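Following: one structure in structure tokens, then a few remarks.
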Amino acid sequence: MDTTLLLEWTIKAVILIFILLTGFAYLTLMERKVLARIQVRLGPNRAGPYGLLQPVADGIKLLFKESIIPAKADKVIFVLAPLITVIPALVINAVLPWGRTVTVFGRQVSLYVANINVALLYVMAIASIAVYGVTLAGWSSNNKYALLGGLRSAAQMISYELALGLSLLGPVLLAGSLSLVDIVEAQRRMWYIVYQPLAAVIFFITSVAELNRAPFDLPEAEQELTAGYHTEYSGMKFALFYMAEYVKMITVSALFAVLFLGGYLGPFESQYPWLGPIYLVLKILVGLYVLIWLRATLPRFRYDQLMRLGWKVLFPLALLNVVVTAVIVVLMG
Amino acid sequence: MLWQYVPIAILLVLSTALAVLIVLLDALLGPRKPTFRKLSPYESGMVPIGPGMRRQPVRFYLIAMLFLLFDVEVIFLLPWAVTFRKLGLFGLVEMLVFIAILLVGYIYAWKKGALEWE
Amino acid sequence: MAFMTLFIITGAVAVAAALGLLFARNAVYAALFLVLNMFALAVLYLMLGAPFIAMVQITVYAGAIMVLFLFVIMLLGAEQLKEDGGPIAWQRPLALVLGVALLLEVTYFVFAALGTGVRLLPPPEGFGDPHAVGLTLFQQYLLPFEVTSVLLLVAMVGAIVLVKNGRARAASSSEAGEQ
């Protein structure tokens, strides 16, 4: 019993990592294709049919590139920084529910790696670690642009983490639980985006800022900071930062779907639990498309504008949303 | 209780192994031809001016401090939100007092320009 | 048995990280050792059946307080420990005396507890989950909770006064210097 359970957990963890990495590889292709279409170009189409082998080619290229460690860099932390960035990006997905229970070879298997009663707090805890990767990468590079980019990025991430945390409280107040499975199940009657539109918008904006993506991609503002905290990185160490960013995009879209779009719920899901993951993937794809669309459409913020939006607009709005939600919950009984 | 966290530990071990493997492969497969110019800091092709590590502005400290204090507030709100239905009106009043006191600090920070990035 | 092994490993990591913090010559390394120490503590909390506190430990200590530390280290440009300044003269003997006192105290309490023969009961069902923490915090410990907000307020005002007044003084003194 014990060993089969351990085996099941290990298999699920391996499958999760495989899904995230494949998702990362093809998300880069999707981004380039979508951006190209928006700009009336074709995008990568040479490697394989429709450019489907492009991510493989990119990966092989980066693997055989020289990986430079600058002479005056702090070598230990320089190597450690991409690891600290990518490991939390993968581990945070442990609590994502992909569906309910399905039967595989006559065995009841739940479609998540772990269902813990503090899941949402776990997500916040692991997400707060992401600050270290960028700060340390910038600091260890011995490059003033990298250092400034890293610190800017860290200050941006912590500033938006507050409003992000507050926007999570809306669904928690309604569901009365921090477990993501409970939150999804509580949406059987109605998706939370209907009851919590403001929280949904704030969650989405703040998580784009956490991702350091356009229009919040100031840490990588190439005109002023060359490439920000990963200026000095090359080869697979650079690829790890890249990987972390795209895996986080998947995580954010999945969390948005779980908190506001009913996660794995959909028509006939209660009869056929296998439909759960399919619904979730569809909802994730919508989120990813919007993220790419934003990048193609919006210009970058100025840093003081970004800080003002985070502290003076999103934070009070998110707090107001919590109070109003609580009052309504009390009034409704 | 603790067994629920075993799958997370497994995922952590596997992710770490994968990341370390990638860094090792990177060191093994890539060519290695260091030159002085290649190893010096990249400043858009200019000769680097001054040291790479230098003292940073104090406003980063202020942002981190404010974040820490409001983060504690958010953390307190989480168990409150979970138990809210049981606490009812009493819980609402409790939390409104808590938020009101912290709001004084927020308004003070706003008035003093601490939320401004000059 | 597995529990005991896990406890020993986690404890060893915590102690090793604390020692690393003390002996690191670089302030950024010291801060990172402290982060590792926080993680070990979080695992210990988990083992005690307190998942909520464990996650808060990571979010607040590793995710907020240590980021503040890192910013301060970079603000001061104090990464490298200077040899010349050295500690204040009476600091080392005093630290030694206080350290020995603490060690004796801890040893006494451990042996006193062993002598009574009291065994810890396993925590009740649902102990330490967010719901239980919330009920205890907002019913039993209401006053300390509300007082916490005053404490946070004072800290906030203090930080702002330090930064803003310091900057104003620096600006006025530099003006005076130019004249």
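The letters A, B and C name the chains in turn, as written, and every chain counts its residues from 1.
Assume a residue touches a chain if its C-beta (ideal position, glycine included) is under 8 Å from a C-beta of that chain, and two chains touch if they have at least 3 such contacts.
A quick note: this is a predicted structure, and the numbers were derived from the prediction, not measured.
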* Asked: Which chain is in the middle, if each chain's centre is the mean of its C-alpha atoms?
  -> B
* To do: Could you tell me which pair, A-B or B-C, is linked by more C-beta pairs in contact?
  => A-B
* Just curious, how far off is subunit C from subunit A if you go by their C-alpha centres, in Å? -> 29
* Between subunit A and subunit B, tell me the centre distance in angstrom, where each centre is the average of that chain's C-alpha atoms. => 14
* Structure fact -> For subunit B, residue numbers touching 2 or more other chains are 5, 53-54, 56, 60, 64, 66-67, 71, 75, 78, 82-83
* Asked: On subunit A, where are the residues touching two or more other chains?
  -> 116, 121-122, 139, 147, 151, 154, 158, 177-178
* Asked: Where does subunit C touch two or more other chains at once, residue-wise?
  -> 51-52, 56, 59, 63-64, 67, 71, 74, 130-131
* Asked: Can you list the residues on subunit B that touch subunit A in the complex?
  -> 4-8, 10-12, 14-16, 18-20, 22-23, 25-27, 29-34, 36, 38-44, 48, 50-54, 56, 60, 63-64, 66-67, 70-71, 74-75, 77-78, 81-85, 88-89, 92, 95-96, 99, 106, 110, 115-118
* Structure fact -> As the complex stands, subunit C meets subunit B at residues 3, 46-47, 49, 51-52, 56, 59-60, 63-65, 67-68, 71-72, 74-77, 79, 130-131, 133-135, 137-139, 142, 145-146, 148-150, 152-153, 155-157, 159-160, 163-164, 166-167
* To do: Under the touch definition given earlier, write down the residues of subunit B that touch subunit C in their complex.
  => 1-2, 5, 53-62, 64-69, 71-73, 75-76, 78-80, 82-83, 86-87, 91, 94, 97-98, 101-102, 104-105, 108-109, 112-114
* Of all residues in subunit A, which touch subunit C in the complex? -> 74, 77, 116-118, 121-122, 124-129, 131-132, 135-136, 139, 147, 151, 154, 158, 177-178
* Structure fact -> Per the touch rule above, subunit A residues touching subunit B in the complex are 6, 9-10, 12-14, 16-17, 63-72, 79, 82-83, 86-87, 90-91, 93-95, 113-116, 120-122, 139, 141-148, 151, 154-155, 158-159, 161-162, 165-166, 169, 172-173, 176-178, 226, 231-232, 235-237, 239-240, 303-304, 307-308, 311-312, 315-316, 319, 322-323, 326-327, 329-330
